[in-house]
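First subunit A sits with subunit B, and in the next complex the same chain sits with subunit C.
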Partner chain A sequence: MSQFSGTYALIRKDIHSELRTRYALNALLMFVVTAVATILFALRSDQPTSSVLSGLYWVVVFFTAMSGLSRTFVSEEERGTTMTLQLVASPSTVYFAKLLFNTVLTFSMTIAVTILYMTVFSNAFVIKTFSIFAGTVVLGSLGFASASTIIAAIVAKANTRGTLYPVLSFPILIVLLMTVMNATTKALDGEEFTSALPDFQILVGYFLAMTGGSYLLFEYVWKD
Partner chain B sequence: MTATGVTKEFNRRTIFRDVSISLSQGESLAITGRNGSGKSTLVKVVAGLLSATRGKVEYAVDGKPLEIENLRYHIGLVSPYLQLYDEFSGSENLELLSKIRSDVGIDSGRIQQVLETVGLWERRSDYVRTYSSGMKQRLKYAFAVLHRPSLLILDEPTSNLDHDGIAMVKKVVDEQKKQGVLIVATNDADEAGWCSANIELGKH
Partner chain C sequence: MKFAKYGSITLITFVLVAGIAIPLSPSPQNWLQFPVIPGLEEKARNILYHVPVAWTTVVAFLVSTYYGFRYLKTRDIDYDIKSVSAAGLGFLFCFLATVTGALWAKFNWGSFWNWDPRETSIFVLLLIYGAYFALRSALETEEKRATLSAVYSMIAGITVPFFIFVMPRIMTGLHPGAKEVADPAAISKAQAIADSAIAVGSKTFADSALATVAQMNVGSAVPVVQLKMSPNMLVIFLLGLLGFTLLFIWLLNVRVRLARMEYERSTHHE
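Let's look at the complex of A and B:
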């Protein structure tokens, strides 16, 4: 009970704080717009295939997630509030609050990227099997948020913050990236929902394994 | 609260060795020692923010041993390492931190009471970003005593405080000595004199 209300209060604090400082939001927004614009100019005259498009879609999501979500713990560390949080909340409260907050951020971001893609690539980026696409976006966001949260926690304690984040996240996220790209291609090609079931299994497994592992690891990372 | 044979090492460098403390209701302890002797480190170990390399720290409330997960309801800390949120106002900070801790029975009346004690009630709605360093220190006191902790730890208690502020700290200290346990980490002989016992670190 107290675990739940504490987690909820911490998420509210993070959302409130984000709305006031725009720490992550500005970084996310700038990145999405710049990346999509660049891709648009590069592809202007070509007619990209669905696998190229789904690859480019997740590249944008991947790097945006990296630039925005990496700030989760660094921002507490930089402001010296890490210890304040350690004093008032248990590690699991902090972990689940940050995970949920990052999930909300990632999910909003994928929706924004989707809308942008559908507008600028209106004749190529057509979602033919909506159920596959929706499932991929939801499970993919969960996976991204889960992996980013634990990586962000590790990176916040390291001295070489800037470079460490992409270096650490690439091997951890490669499985996830390949799977979501694969599933998105199927959604763009209009394949049957059942054809994406193996991908969904991987995504669910990935999320559960990543979250379970992170939960166990988090206490040691968080408390030095 | 008892600490037995607590030793802390950072990368194999021993900061202090075999420190033992035992404090019960109404007792107070000053931790003194030169800069870098490990006062703040010992404070963090006692507050459960750092783990000891060897030895252990145990707590009991009303004779019952206290689980480490419940320690946060019974501990208050003022420390230069502990910051509050810049983008929230003074009263918002107290409110949200109390909610994150899931305190019971902390209402707006209690928040008003502690803000008045530290002299920040007039400025409660201003962002902490706009506070002076002394005001931030005062707000840390409000945060530390908000939930009436049984163990109050003050690290560098009067840094940045004016005359009024020091008087406020003395009031908080006297109050705490009546109803709980007090630990003060300081270099100042006056401040050390507030406490009934003293240990000096760094004399090995």
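Let's look at the complex of A and C:
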């Protein structure tokens, strides 16, 4: 099985099994709704500033990701299909398939959060520089997915998966979180596209470094 | 290891005594006087203890990651013993660096914690060590624990360059070497710290915080506190770095020997 066809087949398998139960999608969507509702209760009728809103935006994305993204590997362990996957595909094929699947999940999650934010904070959450916002969401989702995929692979082998996942991911994600919060604030404040270029450089560097490192190390995690 | 043991004891004792006993002078005449650094004064002595401890934290992290890498290559459990012993010491030094830094920040900048880039980095390092030990305690078999914690420390190591090279350039900070042009938000924050110090009625805090504000307002070419060490201070500082590094080497050796004995006992009984 070549690299690309193998990756494609694994993603199709993941999407099929996801659509059969819709476990991750439903859980993620409900988590987003719950978190945003809690924020609304907390803020009451206050008008939050753009930095507060962009911070809360990524807080919702972070905790939603932490509640759902470990499924990709944990479900394989629970169903006992890890061995089969190890037999049929090379570690790098598995890694890139899971990375792409998690990227799709994260990206759809950020879109859900964005739509929800634009409706409930219709006055405060106005994206003034769309190019910055789009770049941040795309690059941020990529970085998020690449860090959380390798951590999910590690956590799937441990006993206390649920609590361990955010604990392990947070120190790794802090750089990314600070940068995307910074860039989102710029998008809400309507700054020029060029002002966000340093942030984008960090996001691209983070994604490349994290994916490269994970690619090299994944084999050690995956093979028992 | 006798060398590291006695070397570290001698050097740290010397640095402790010399760092506290040598008097400050506005215009130092000889080697037995430190210059007065505006804005730091007597508090400058902390640099002889705080920086070596922070330095040792980073050394311990690198040593731990290196042994983790060696473990992945060779699958020799002895490397895992070395890696976890170094990480344990790193956690201890990281805690000490945080405490000494927070105390210094309280007396120099007015509050224990300001989320300056360096403070953020040391906080992240604390979190990484905490997560590392949480992960180890959640894994049962010896090999899994060794492999996965080695992979985790290397993944965490990937983010370290971002903290060292990238963050200080995009964020304003209070440590020397931070981004040089102070932005209005940081100035107003420093002003707020000064105001609150005045409100509390503490003159020394208010003075030092106002000095920070003044230095920030000077703007472009001036880092927050100009820190150019006099030669005698630099010698003591470097001896401190060496002393604490030797202390780390000695403690690591003791811990590794202890961990090896415990490992042998546990495998012997099975």
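In this text, the second predicted complex is superposed on the first by the 223 of 224 C-alpha atoms of A that agree within 3 Å, B and C clash if a C-alpha of one lies under 4 Å from a C-alpha of the other, contacts with A are read in each partner's own complex, and residues count from 1 in each chain.
The criterion applied here is as follows: contacts are C-beta pairs under 8 Å (C-beta built on N, C-alpha and C of every residue); 3 or more make two chains touch, one makes a residue touch a chain.
What you see is a predicted model; the values in this text were computed from it and never measured.
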Next on the checklist: Looking at A:G68, would you say it contacts subunit B, subunit C, both, or neither? Reply first, second, both or neither.
Outcome noted: neither
Checklist entry - Regarding the shared-chain residue A:G55, is it in contact with subunit B (first), subunit C (second), both, or neither? => result neither
Checklist entry - For A:G143, is the partner it touches subunit B (first), subunit C (second), both, or none of the two (neither)? => result neither
Checklist entry - Can A:I174 be said to touch subunit B (first), subunit C (second), both, or neither? => result second
Next on the checklist: Output check: A:I151 vs subunit B and subunit C. Expected answer is one of first, second, both, neither. What do you get?
Outcome noted: second
Checklist entry - For A:G213, is the partner it touches subunit B (first), subunit C (second), both, or none of the two (neither)? => result second
Checklist entry - Thinking of the overlay built on chain A, is A:I202 touched by subunit B (first), by subunit C (second), by both, or by neither? => result second
Checklist entry - Looking at the overlay, what does A:A89 touch: subunit B (first), subunit C (second), both, or neither? => result first
Checklist outcome for this item: Shared subunit A footprint, subunit B vs subunit C, residue numbers 224
Item to check | Of subunit A, residues touching subunit B in the complex | outcome: 2-3, 5-6, 9-10, 12-13, 16-17, 20-21, 79-81, 83-90, 93, 223-224
Next on the checklist: Going by the contact rule set out above, which residues of subunit C touch subunit A in the complex?
Outcome noted: 72, 120, 124, 127-128, 130-131, 134-135, 138-140, 144, 147-148, 150-152, 154-156, 158-159, 161-163, 166-167, 170
Item to check | Complex interface listing, subunit A residues touching subunit C | outcome: 147, 150-151, 154, 157-160, 164, 167-168, 170-172, 174-175, 178, 182, 198-199, 202, 205-206, 209-210, 213-214, 217, 220-221, 224
Item to check | Residues of subunit B defined as touching subunit A within the complex | outcome: 44, 47, 49-51, 69, 72, 75, 77, 79, 81-88, 96-97, 99-102
